[in-house]
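Below are two complexes that have chain A in common, paired first with chain B and then with chain C.
Up next, the complex of A and B:
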């Protein structure tokens, strides 16, 4: 039974009208000079001004840092889930997915509760254990922003790696061991290279989401200035919409590049 | 023997790492649940006593109640619209192997990969230009854009995993395309629609970066009101509201799982 291709038309047209055209419209606004002419001045400013360069750099560095940390933390967890958890794997998956059911606001609030001056951590360290005398200052540090972003994104990394690890042919590892490689050498030279695709898929996903995140940054601050935060501020206070459009376009270009990388990786794996 | 012991040590090191990892993952969530039951008017440890008054407080604060209603209406509306648009598309895309269909599929999923704040900002201006401005309709349209991929992905995943033979038999026996869809295809893909709708509902309900731009007294969603509340005060109401929201999400997940089996679907997708 063949179905007509016409069935995709409503969805495709809807996205064209309310997703693609608004983004193009937004991109055009970043080139308008206000007198009906076109200008590149905003992009020149974004690419030369010290402040904006720092913001773009901080955005990319923050996302990259979160991605690397998520991979470093996520890999052992994925390895445990696939290879060691055995009959507990269902429970491990549940623990991994459960946080995804909570709102971003709840998790951000959780960090505030943990590290507030009279929060749980300071209470434990000062009153209960007497390890320190002055409250720790963790709120409003870049480190906490990074930890909070890793907390949101690391499950995606674990799931990407474990789905690839699951497909690794165990006989390759057995052959390596029979040929005399120890467990560590077998891991580094056989298993790890075979799971690079999983790390790649997870890394792109994590980078992409981290790049656009801003709720965590607004509430946990840390003095970090990123593009999403600046767009939010431009909209709220400065009201320089042309500049906000230019910054959104830069974010969008980064996202499209990530999407392109993602598609290439999927296609390579499919081939 | 020494070989066996070394492997055991690395296993315990890994296990310890995983335990620490899950403490990290669960601590910020559990601590909110604990705080939501405090009797104190501030957040401090140790918790002086227990009470459920903060849950009652949610419903005494009018902006929360109004926003809750808006959020539910938007999440249900966007999910229904996404289903009406997405399900027909899946019927074609999941069965087609052409490159063209693959490209359309990527296109339908692409809103997932774009920064939400950019979608929100761009839509606000474009929809204002069209005359929608800051309105319920504008919010609904933009939420539908980001809900659509969740439905398409789940429904297409389930449908692609089904054998063609059921529909073919019905068709050979003389059922028209509409009857085949209604009596054969729809019951088969219903698990995908339910799971996709759940993800879609939760995504919309939790969305802040889009809803933020469409904020007004009558279109503020719950996360927007929660954010502005949090910027001004630090009391257990937010904890109670978050806990309630999580409980509802978990109940939704369990219900859909019991009726349709979510684990089977994630494997199919």
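Up next, the complex of A and C:
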């Protein structure tokens, strides 16, 4: 009994030193008023000022939007990967994770090259095809930020769904079809409910990563203001570390709430 | 009281964890002691060509003359200042490269030593104003100018002033790229500089925000200097507010379509200050003296295309037309700006939003 506990000790100490203690320090800093006392003023400001409420809302909405789009794109891909790809499944997985193998800076620069005012897409549409006369403004729009995030995060959704889809008992689907259900009804009433757990896991992963995403937002802009951007600003421009701590605590609360949702989903399935 | 408790708690907890996980408490303590005995110092530099210039122009002569060692830590001023603030009794860095506003924060917090000619003979060759601007607790040794950089292929007749820049961008003649508020010196190089050029100043930045509102449909923002170059080279922007030295670096690297001009009102001086944290290794003084040396600074300027401050420096023929004398720039009132900087950032967030 003692040996397993010793095995996890290094990891536990590592987490204690580099996660738990800094996290507690960060939380305590958010309550310091600078004169040795305690204050709730930062949280009051963050939770009552319409500007900050809008930023929090924008952060959650962006993450939720990216999650929904990733699920809509990811489910068919996961279905194809598990049910149709056959010997090509390894190649499909490679294609899926390929975006993760390049630096995020290079990926972001790629979007800039493609969609700049005088980039490849606009040159094609104006000079080669003659479909438009003025360049499309795609860069620095929220839509492109969402596209860039989805591009990176879809693999997390696909892999989560496909691992669950792989475990679905095909005999249940065959039984439904023998009882008269068509392919769509079989999918909707049998297959899809059985893969909800995979969607849930993928959603949590995608949501949490999108929630803390920073580089894509700072490089592609888009006029979006999210908590990670403001946290960076507090550190880099205003040096208001207390406010940065309060913002990061709120970001953490959002992430913890998502984890709680995931646990609820798993427990419900277990029940 | 609370602060002490928190720091004590953090320090003890971190030490406990690191000592178990890496054995680092004892090793770290020993290595720091060893630095002091062998006069090994840690100096700072930005990445890229900056790092190379620091190694070639300052570290090499320092090591050759003193036989001490200088390790180069890469990062940015906000990070370095935070490192010193976290451990002022035993600062992990011996020489700081700072933006003037952060240098002032460090000076006011009593984190850095006074600069005197006794400790730094080459300080006598640095204009007094540049040392006074950081309360004598450091000095500005290198500077750039925040002016108008443009693509010669798309902008044949560039705006000569900030006022003309605003008018022509507002009219849709150009798409301009300006630094975003996440870039540390935006309050100085853009907000203050443009407000002043348009009739305002530290106490009145309304002209700047009105100008931004007028230009908003034809503006893009850069988050880091490389972004700006990408935007200009990809055609996303035609011109923008940028630094002279970086512009010439791009030009020398083959982007001969790029050009720079100092606007008629005078672009903001973006100084780079150097400081020594209190309790840092005294060997840092010798290194700092090398930074202020005329020969070393001339070499540094040649690599980076930025102006330097030792009055004995003679620029090469290539550099002479590129470097704007610091007296011809708009010298920012750093201390006053520091007092209102957070208000400006908040207003930017609410009115401009990116």
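As a working rule, the second predicted complex is superposed on the first by the 253 of 271 C-alpha atoms of A that agree within 3 Å, B and C clash if a C-alpha of one lies under 4 Å from a C-alpha of the other, contacts with A are read in each partner's own complex, and residues count from 1 in each chain.
Definition applied: contacts are C-beta pairs under 8 Å (C-beta built on N, C-alpha and C of every residue); 3 or more make two chains touch, one makes a residue touch a chain.
Note that the structure is a prediction, hence the values are computed from the model and not measured.
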item: Room on chain A for both chain B and chain C (clash or fit); value: clash
item: Chain B versus chain C as contact partner of A:29, first or second or both or neither; value: both
item: Contacts of A:140 with chain B and chain C, given as first, second, both or neither; value: second
item: Partner chain(s) touched by A:37 [first = chain B, second = chain C, both, neither]; value: second
item: Chain B versus chain C as contact partner of A:112, first or second or both or neither; value: both
item: Winner by number of chain A residues touched, once chain B and chain C are compared; value: B
item: Touching partner for A:18 - first (chain B), second (chain C), both, neither; value: both
item: Touched partner set for A:212, first chain B, second chain C, both or neither; value: first
item: Touched partner set for A:88, first chain B, second chain C, both or neither; value: neither
item: Which superposed partner A:262 touches (first chain B, second chain C, both, neither); value: first
item: Touching partner for A:10 - first (chain B), second (chain C), both, neither; value: both
item: Single chain C stretch clashing with chain B - from 110-118, 146-154, 182-190 or 218-226; value: 218-226
item: Set intersection of chain A contacts, chain C complex versus chain B complex; value: 10, 14, 18, 21-22, 25, 29, 109, 112-113, 116, 118-119, 218-219, 232, 235, 241
item: Of chain A, residues touching chain C in the complex; value: 10, 13-14, 16-18, 21-22, 24-25, 28-29, 32, 36-38, 51, 109, 112-113, 116-119, 139-140, 218-219, 221-225, 229-230, 232-233, 235-241
item: Of all residues in chain A, those that touch chain B in their complex; value: 1, 3-5, 7-8, 10-12, 14-15, 18-19, 21-23, 25-26, 29, 73, 76-77, 79-80, 84, 92, 95-96, 98-99, 101-107, 109-114, 116, 118-120, 123-124, 148, 151, 154-155, 183, 208, 211-212, 214-215, 218-219, 228, 231-232, 235, 241, 244-245, 248, 251-252, 255, 258-259, 262-263
item: Residue ranges of chain B in contact with chain A within the complex; value: 7, 10-11, 14-15, 17-18, 21-22, 24-29, 31-32, 35, 42-46, 84-86, 88-89, 91-93, 95-96, 101, 104, 106-108, 110-111, 113-119, 121-123, 125-127, 129, 141-142, 144-145, 148, 152, 164, 167-168, 171, 177, 180, 202, 206, 208-209, 212-213, 223, 226-227, 230-231, 234, 238-239, 242-243, 245-246, 249-250, 253
item: Contacting residues of chain C [partner chain A, same complex]; value: 1-3, 6, 9-10, 13-14, 16-18, 20-21, 76, 78, 82, 102, 105, 175, 180-184, 186-187, 220-221, 223, 227, 230-231, 234-237, 341-342, 345, 349-350, 353-354
